[in-house]
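Please read the structure below before turning to the comments.
In order of appearance the chains are A, B, C and D, and numbering begins at 1 in each one.
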């Protein structure tokens, strides 16, 4: 496992060219490899596991009957098949969206209120830990986001259109930064997301612990901050735009191995 | 009171390796908050590990230890099922002790 | 059984098992901080003086740190000693505002080999200083800290 | 090769029909669903939902990106012409400012997000995508290297008549990159009100002043 991650880290940095850049890249790869042991994401996973089995909310219930797509209570392998269509809500839902549904139906929480709460605060912090736990239960599994339902295919097409949507004060789209191989912002490697970026890169690396600010970020938070830097207005938490992008990236990443929860700079 | 630690203790070849993650902000006291006020230092000052009641490591830390600290060390002996206790206390008087069985 | 993975026993605030780690007040903590030699020193020389010096450089002392740290907030650092009778170890980051990052007491039977993560404000030498049979020895290594990101 | 791929695609589509999967929606129907999904954004701070409304240039380039086809020459030309017409040239005729200030603007990536307090004092984001000086090794590679930009183009005296065309091009490119390349990824810094006339002046100096580190 550890060895595999080291290789991934090297692969991610080999794009930098030139002799000086090579030694920088090798150094950074060494640094990333050293970080793999003892990823603080495990603290959030632990918290999430406890939240999953603890009776909470107005209904004082656990989430152990939550259906993440593979039947009530099945957590292992659920993450790599999300987002997917759920008949009970009639919606395509990603991990965070589905957890919100379970928190509402099983535990009696107000999901709209949680969605509007600031990230890292209150029940949002609990949702973050739950998402980290669920993702960790698909570690090293390969993405297989379903496209069998019409609404799942619709969301892929919508996600694709959103990915290429140039707008805002800087005319940026997702594609501006994530459309071409081997590109960087400053020294930061950019994964290509319009095709399969490979094992443990892009969609297959989130949720991730970010060492820079000591925060655990889910994919919803990752997309939220992308849109902030894109100078767009804010996407609703677990709204259709972010879920559609999740479908687009997840389907593109078919077969890629999940390393979530990962650790990032 | 702090959040639970993540502790793993594994015995092999007559030694036990302990790896721990502690949930703590390790605030350095140099940063400012949104309104420009200095965020006061908040950090773990002392760590102690015991194996079956015997101290196997003591540490003193500064604010320079990273947020959500990681610690790894190894001691002689230890058998599967033995108890490892890890404790920390911080500069605000908060403390936490967690226990794990050696695997 | 939800604790199978970790078997955690919450004893926060309980004094019983560890006499040395009771609940202390903030003022007591402050007093404790003052009794921590070297931690308040603002330069390497002062920090080293407070712990008794740095002794001589020894290849029996190892400091592991990356050549380059992509983010100074988290730099993996290890200190190890092959010297018999190692009782104390310190990790210092020369260019940090207060260089002494951590000190370890190594009881007999514990390997003089610890790993942790420290913050580094800038490119700097990282020191491991150890005390073995009452004598001090050290090793050092430079880690470059890069900054990146796009501000936003 | 292309033809073979296409026929395989047709075959698999036919296979899908046999298996009674519903008809694929038209691109226009997906566009409509996309417009619906865009309602799941909300204004925050200075970043209002109006920012999602695309102008013709962005709309046409996004459509081409989705289709995976470059724009046809005529459409590209009309986008470039419209953007060129919209370039505001320096009101006082002065194109060059202070390269030192320009370098600071180039290094800053700040401004215009929902966390930004004002719409002024924005950074140029230049180093995020371009190599600019030799000294700064932390640069992005989404855009071409701008190191020696003026030197390579033979600009020895930016105030000379010989340099006039290059000076104007540099201004125009920073102000509105789409005037020269219909679907360029470069932000239209002046056109979209991210950078002021003064700031653009300093950036032109950064690229063209022979004393600038760019041209050393």
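Assume a residue touches a chain if its C-beta (ideal position, glycine included) is under 8 Å from a C-beta of that chain, and two chains touch if they have at least 3 such contacts.
Here the structure is a predicted model, which means the values were calculated and not measured.
Chemist: Give the identifier of the chain nearest to the protein's overall CA centre, each chain being represented by its own CA mean.
Modeler: Taking the mean of C-alpha atoms per chain, the most central one is A.
Chemist: Looking at CA centres, what chain is most distant from subunit B?
Modeler: Following the centroid criterion, the farthest chain would be D.
Chemist: Tell me which has more C-beta contacts between its two chains, A-C or A-B.
Modeler: A-C
Chemist: Starting from the mean Cα coordinates of subunit B and subunit D, work out the distance between those two points in Å.
Modeler: Their C-alpha centroids are separated by 49 Å.
Chemist: Taking each chain's centre as the mean of its CA atoms, how far is subunit A from subunit C in angstrom?
Modeler: Here subunit A and subunit C have centroids separated by 34 Å.
Chemist: Can you give the whole-Å distance between the Cα centres of subunit A and subunit D?
Modeler: Roughly 28 Å, centre to centre.
Chemist: Considering subunit B alone, which of its residues make contact with at least two other chains?
Modeler: 4-6, 66-67, 70, 72
Chemist: Mark out which residues of subunit D touch at least two other chains, giving numbers and ranges.
Modeler: 113, 115, 125, 128, 138, 140
Chemist: Which residues belonging to subunit C are in contact with no fewer than two other chains?
Modeler: Expected reply: 6, 73-76, 117, 146, 148, 150, 152.
Chemist: Per the contact definition, I'd like the list of subunit B residues that touch subunit C in the complex.
Modeler: 1-2, 4-7, 15, 28, 30, 45-46, 48, 50, 53-67, 69-77, 85, 87-93, 95-101
Chemist: Once bound in the complex, which stretches of subunit C touch subunit A?
Modeler: 2, 5-6, 66-71, 73-76, 117, 144, 146, 148-150, 152
Chemist: Quick check: in the complex, which residue numbers of subunit C touch subunit B?
Modeler: The touching residues are 6-14, 17-18, 20-26, 28-30, 32-33, 36, 39, 73-76, 93, 96-98, 100-107, 109-111, 113-119.
Chemist: Write out the stretch or stretches of subunit D touching subunit A in their complex.
Modeler: Those in contact with subunit A are residues 21-22, 24-25, 30-31, 33-34, 36-38, 40-44, 47-49, 51-54, 58, 61-62, 65-66, 112-115, 125, 127-129, 137-142, 178, 185, 187-188, 192-194.
Chemist: Under the stated contact criterion, what part of subunit A meets subunit C in this complex?
Modeler: 24, 27-28, 30-32, 34-35, 38, 46, 49-50, 53, 185-188, 211-214, 225, 228-229, 265
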